[in-house]
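Shared between the two complexes below is chain A, which has chain B as its partner in the first and chain C in the second.
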Partner chain A sequence: MTAHGRMTAHGRMTAPRPWRRRSTPWLYLAPALVVLGGLLVHPIYQLGLISLFQYTQAQVSGGEPTTFQGLGNYTELFADDQFWQVLLATVVFAAACVVSTLAVGCALAVLLTRVRAVPRLALMLAALGAWATPAVTGSTVWLFLFDPDFGPVNRVLGIGDHSWTYGRFSAFFLVLLEVVWCSFPFVMVTVYAGIRAVPAEVLEAAALDGASQWRIWRSVLAPMLRPILVVVTIQSVIWDFKVFTQIYVMTNGGGIAGQNLVLNVYAYQKAFASSQYGLGSAIGVVMLLILLAVTLVYLRLLRRQGAQL
Partner chain B sequence: MKLPARPAVLLAVMAATACAPQTSANSSSDKDDKTGTLRVWLFQEVGNKPKEKVVDSVVAAFEKAHEGTEVDVEYIPVETRAQRVKAAFNDPASAPDVMEYGNTDTAGHVKDGGLLDVTEEFGDWPEAKDTDPTARQSVTVAGKVYGAPFYVGVRALYYRTDVFEEIGLEVPRTMDELASTARRIRAARPELYGLVVGGAYTYGAMPFVWANGGEIATGKDGSYTSAIDSAAAQKGIKAYTSLFTDDNCPAAKCAGMGGNDTVTAFAAGKAGMAIGGDFSHAAVEAGKVKGKYAVVPLPGVRAGSVAPAFAGGNNIGVLKSTSHRTLAVALMRQLASKKTQASMFGAMGFLPTFSDVRQQVAAKEPYVKPFARTLAAGTRFVPASPAWAQIDSSLVLPTMFQEVISGKKSVAAASKDAAKKMDDAFGTAG
Partner chain C sequence: MRSVSFVRRPWRLLAEASALLIAAAVVFPLYWMVLSAFRPAGEIESSTPRPWTSSPSLDSFRRVFEQNEFGRYFLNSLVVACTVVIASALIAFLAATAVTRFRFRFRTTLLIMFLVAQTVPVEALTIPLFFLMRDFGQLNTLGSLILPHIAFSLPFAIWMLRGFVKAVPEALEEAAYMDGASRSRFLWQILFPLVFPGLVATSVFSFISAWNDFLFAKSFIISDTSQSTLPMALLVFYKPDEPDWGGVMAASTVMTIPVLIFFVLVQRRLVSGLGGAVKD
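This part shows the complex of A and B:
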C-alpha cells in the first residue's frame, strides 16, 4: 500500500483512482476467494438447491422428471418423529463427548507439566499415536477390545459374553470412549502449550499462598487459558456433532433398530443408502444451520477476547 | 479489469446459470451397431475363478459367431454394486451394455430408467418357456420383461447330524417342533446356539411370516399395500422373534446378526441349526462342520409342509443406453442360456432358473435336493415395486424385528409402524 501510494505521488501527482484503491485488497484475495467459492460456496449452494427438489436415483439417472418441492423435504423431515429423536440423541451425545474430551484432555495436559521428561515423552507419543490412528481403524480395534466372544475387556472384567453394543446407552458409551480416545490429544496438546505460556511466577505465587492443585487450576490457569479453552471447546462441539465413522463402524450403521443413530449417519442412511438425495440434503442444510449458529457464537466470543488470540 | 470479487456476486452468477439439480440424459439410444465392443458387468463372487472360466467360454463362442465383435467382461464387487450401478445410470457413456443384477433390484432399476424392455425378445426365445414362474416374475415389472433370470437361490434348514444323534433328536417336522428342538439343543449343549437366528436376517425371518399365512404386502404391479401388520403376519413375527431368548439364541448377541453371521456361526460349529442358502453350501463345507451336517427344507406350520422360502437370485439385463441393442440381447440370452446355467451350476453351485435343467442337476448332486424341494413347494418374492429398494435399504423389516426382539415395542406396535413406513414408501415411489 505505501509503495503504491508513494509512486503515485512522485509520478503524476494525482490522487489514485478510488476504485483501484478499493479493489487492491480484493485483487489479492481473489485467488483464495475463487478456491473458496469453488470448494465451499458452490457445494453448499447445490446442497440447498437439491433440498428443494424431489431428487432420488430415478431423477438423477433420468428415469423420471425432477420436480420442485419447495420446502416439502423440510416439512417431511420435521414431521418425522425419528428425526427429532435423532437430533436429541446427537445433541446429548455430542455434549457428553465434548465434556469428557475436555476433562480428559485438560487433566492430562496438567499432568504433562508435572511429570519428568521420560514419562512426558511416553504420554505424548501415546497421545499422538491415538491422534494419528484413522477413525475406521480405531473404531474397529475398540470394537474388538469389547467383543463379547474374543475381546480382552470382558475377560479382564470377568463378565462372560456380555454384549456392549446391545443396550442403547452401553453402545453409546462404547462409542464415547472411542471418540474421547481419538480426540483428547488435540485438547491436551493445545492446553499444554497454553499452560507452558503461563508465567511461572504466577503459579509459584499461587503455590506459595498455599493454593491446592484444583484451586490453582480453577482460579489461575483456567481464567488465563480461557481463550484457548474456548477454541478447543468450539472445535470439539463441531467435531463431535458431526461424528460419523465411529457410530457407523461400531454400531453397524446405527445400532439395533436404529437406536444409536446420530444426525450425520441418519443423513447418510436417508441420502445415500435409500437414494433420497433431496431429503438427505435437507438434513445437511439443517445441520449446517445448527453448526453455523455454534460458529457465530464462537466468532463473537473471539471478538470479545480482542487481540488476545 | 474489474473483478466480480464479492462472494455475493459469485453466488448470484451461479444462481442465474443453474436453476435445477443435474439430471442425466439417460434416454434409450437409437443406435444399433452390429459390430464393436460390448461391455459386460458381472458380480465378483467369493472364489470367482470357476465363474470366469464359464463366462470366458461363452464369450469366446459369442465372439466367434459374431464377427467384428469384442466382449469386455468386468467383475464388480458385490458390496459396492449399488454405487457402480447408480454411476452407470448417471453416466451412460461409461455404462456397460449388459449387466448382472440382484432380482430384488429389478423394479428399482426399471424406475431409475436403466434397464431395457426386452419383452419381445424374451418371448421369442425358445428356452424361455422352461423358465420357472417365480424366476420369470423376478424379471417382470408391470407385465414387461427386463432381463433373463441367471440363477435362483433359496434357503433351507441346515442341522448338525452329530449333535442330533448325540442328544437323540428327530429332525423337526413343524415350526413348533423346530423351536422346541432348538431349545433342547441349547439345554444339552449350552455352548451352542440351538437355531442361530439374526435380527437383521430378513430373508431368514420371512418364511416364518409366510408359513403363518402372512404377507409383506398385497397388491399387484405398481400399487401395493403393506400387510406386515395383519394378524397372520404378526403370528409369524412372534414365532421368529420368540427364538431370541437365552434358551436358544440370546438377544444380546443375535439381535444384531445378519444372514452371513448366522451361516458363519453354523460353519464354525457354534450352532445346532441354521437357515442357510444353497449358495452357503461352499462356505459351510469349508468350515469345521464339514461332514457333520445335513440339510432339509424348513418345516412349515403343519407336519410335512414346507415353509415358503424367499426366491433370491440374480438376473442378466441389457441397459437402456446400449448402442448395440441386438448384440447385447443376443449376449444376454447366451449368458442366461440352459447350457451356461448348467455349467455355472457345476462351477459355482448356482441353481438354474429352468425347471428341467434344475431337475437334471439335482439328480447328479444330492445336496441340491432339499433346495430343489423347497423351490418345488412354492417360493415367494418381494413386492415388484420400485419402493422395495427403498424399504430394503432403509432397513424397515430388520428394524421391526429388532424392536420386538429388544423389547422396545410389542409385535403389534412394531409391525404397525413398519407397515406405515412401507405404505409411505409405496405411496411416494409408486
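This part shows the complex of A and C:
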C-alpha cells in the first residue's frame, strides 16, 4: 500500500494533491450511510420499539395514549396457536422451495454445459424470461394456468374443475411451483457461470478416467463450486423465507381461513388489516431474528472458507 | 469440454432435446399470458382452450388502458424504477470505491454490516416505514416507494460492485495521479466507465425489486390512486370471485415487457457480472 504515505491530515487547505486524505472514504460512504441509517437502521429500531407497545388504530389516530406493555405482544403471540402453525408452515414451505429451486437450478446448470449453443441460448433466454417476470404477474399467470374453469392444466390432466387453491397443500404446492419457476434462473445462471470457471482439463481428465456424470458432479464440481453453492443457498433461504407477493396474490391474502399464511403475510394482515401494529411488529421482530441467525451461519461458512472481506 | 461431449454423441442429442423441451416448458406461462391477452373475450371463457388463437384482438389491451389511467400507473412505475436504479448505482459506486480502495478504521465492520443488511426482511419493516413516511408527509407519493427501495438495494449493490472496483488495477490510479488528474476526475472519468458493466449487472436487481414492488405500493399508496404503480393497477382486474382474465393477462403483459427488454439488453453483462461477483 504505497498510498499509506500520503494519508496525512495536514496541508488540507494548501495542497489539492493528496488524494487519500483520511476523510475521503467517509466522504464517499456518506450518502450510503445516510440512506441506510435513515431507512434501514432507524426503522429496525422503530420496529423493535413498536413491538413493545400497545399500538392499534386508536393510538395511531391519537384517540388513546400509547401504552408501554413490555413483552406483552410477544406473550400474546406465543400463546396463539395460529402463530406456531404459521411459523411451522413458513419453515416447511421455505425449505421445500429452497430444495426444489436448488435441485432444478443445479441440474439445469449442468445440462447447459452439455449442450451446444442453440439449445443453450434457448434455455438461457427462457430462464431469463421467467426471472424477469414480476412476482405479481407471475402469480396471476400461474393462477390462470391452473384455473379450474378456463386453465389449460386441468384440461390436459383431465381433472375437471378441481380447484387448486381450495386445499391447503395443493394451494401451497401451486405457490411453490411459481416460486421455483421464478427463482431457479438465478441459481442456474450463477452455478453455470461457476462451472464455466472450472478449468476444462479437470473435467476432461475426470471423464477420461471413466467417471460418471453424477460422480463428476459430486466429487469434482461440487467441492470446487462450494463457495457459489453457499451463496445461492443462503440467498434462496432468505428470499423464500420472506415470500409475500405470491402467497398474497395466489391464495388471496393467506388462503381460506388463513390456511396458507406465512409469517410475512401474517404480520401484514395483523398490522394493516386488523390495525394491530404492535403485534404485527412483534412478528416482524421474530422474522428478523430468524434471518439474522441464518446470516450468522452464512458468515461462519464464509469465514471457514477463508474469504477475505 | 468439447471433446468430452464429442465422445458421447447420443447423450448430447438427448441432452439438447431435453434442454429445448425444458426451455419450452419454462417459457410456456409467458406464452400463455401473451396469447390470452390477445384472445377475443369469448375464447378465454372457452372450456377447451387451444394453444393458439385464430382471431387475435386488442380488446383486452383497450380495456386495460381505458380503465383507471393505466398509462399513468405505467409511467409512475417507470419513474420509481429508474430513479431507484440511478440513485442506488451512484451511491453504491461511491461506497464500493471507499471500501475497496481505502484502508480505514471500521472498514471490516462496515462490510459485515452491508452483508447483514442484505438479509433484513424488507417486508418486516413495512410497519415502521409506514409511520416514517406518514411523519414526513410522504404517504401517497412516489417518494415513499423510491426511498425505501434505494435503501434496500444498496447493501447488495455495494457488495456486488466491490469485485468490479477491485478488478481495476491500482497502477491505473497511480498513473492518473502522476498525470495530475484530480481525484474526482479519476473517479468519474476513469474508474466509473471501467466499473460500468458491474453497475449494469447490479442495476438489474434494483430495477426488478422496484418495478415489482407490491407490498410498499399496497401499504403506502392508500388513498391517492393517481400515485399507484402497475402491480396495484393489475389487481384491479383480478377479483378472486370473477376475475377478468383477459384484462389481467393484458395488464400482466404490459407490465412484463419492459423488464424482459431490460433483461435481454443486459443479459451478457448480467451473466459475467454474477460470475465475477461470485468468484470474488
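Here is the rule we go by: the second predicted complex is superposed on the first by the 274 of 309 C-alpha atoms of A that agree within 3 Å, B and C clash if a C-alpha of one lies under 4 Å from a C-alpha of the other, contacts with A are read in each partner's own complex, and residues count from 1 in each chain.
The rule we apply is simple: contacts are C-beta pairs under 8 Å (C-beta built on N, C-alpha and C of every residue); 3 or more make two chains touch, one makes a residue touch a chain.
A quick note: this is a predicted structure, and the numbers were derived from the prediction, not measured.
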| item | value |
| --- | --- |
| Which superposed partner A:Leu29 touches (first chain B, second chain C, both, neither) | both |
| Partner chain in contact with A:Thr113 - chain B first, chain C second, else both or neither | second |
| Contacts of A:Gly160 with chain B and chain C, given as first, second, both or neither | neither |
| First, second, both or neither for A:Ile50, with chain B first and chain C second | both |
| Partner chain in contact with A:Thr295 - chain B first, chain C second, else both or neither | second |
| Partner chain in contact with A:Gly63 - chain B first, chain C second, else both or neither | first |
| Chain B or chain C, by number of chain A residues touched | C |
| Which of chain B and chain C A:Phe144 touches, first, second, both or neither | second |
| First, second, both or neither for A:His42, with chain B first and chain C second | both |
| Touched partner set for A:Ala135, first chain B, second chain C, both or neither | second |
| Intersection of chain A interface sets (partners chain B, chain C) | 19, 26, 29, 36, 42, 46, 50, 252 |
| Parts of chain A lying in touch with chain B, wherever the complex brings them together | 19, 23, 26-27, 29-30, 33, 36-37, 41-42, 45-46, 49-50, 53, 55-64, 66, 68, 148, 161-163, 165-166, 252, 256-259, 269-270, 273-276 |
| Contact footprint of chain A on chain B as seen in their complex | 2-3, 5-7, 10-11, 14-15, 18, 20-27, 86, 89-90, 108, 110-114, 199, 251-253, 255-256, 386, 389-390, 393-395, 398-399, 402-403, 405-406, 408, 429 |
| Contacting residues of chain C [partner chain A, same complex] | 1, 3-5, 7, 11-12, 15-16, 18-20, 22-24, 26-27, 29-30, 32-33, 36, 44-49, 51, 90-92, 94-95, 97-99, 101-104, 107-108, 110-112, 115-132, 147-148, 150-152, 154-155, 158, 173-174, 177, 182-183, 186, 208, 211-212, 214-215, 219, 230-231, 234-235, 238, 240, 245, 248-249, 251-252, 255-256, 259-260, 262-264, 267, 270-272, 274-275, 278-279 |
| Residues of chain A touching chain C in the complex | 1-2, 4, 16, 19-20, 22, 24-26, 28-29, 31-32, 35-36, 38-40, 42-44, 46-47, 50, 108, 111-116, 119-120, 122-138, 140-142, 144-145, 147, 149-152, 155, 181, 189-190, 192-194, 196-197, 200, 203-204, 207, 227-228, 231, 238, 241-242, 244-245, 248-249, 252, 264, 267-268, 271-272, 277, 280-281, 283-285, 287-288, 291-292, 294-295, 298-299, 309 |
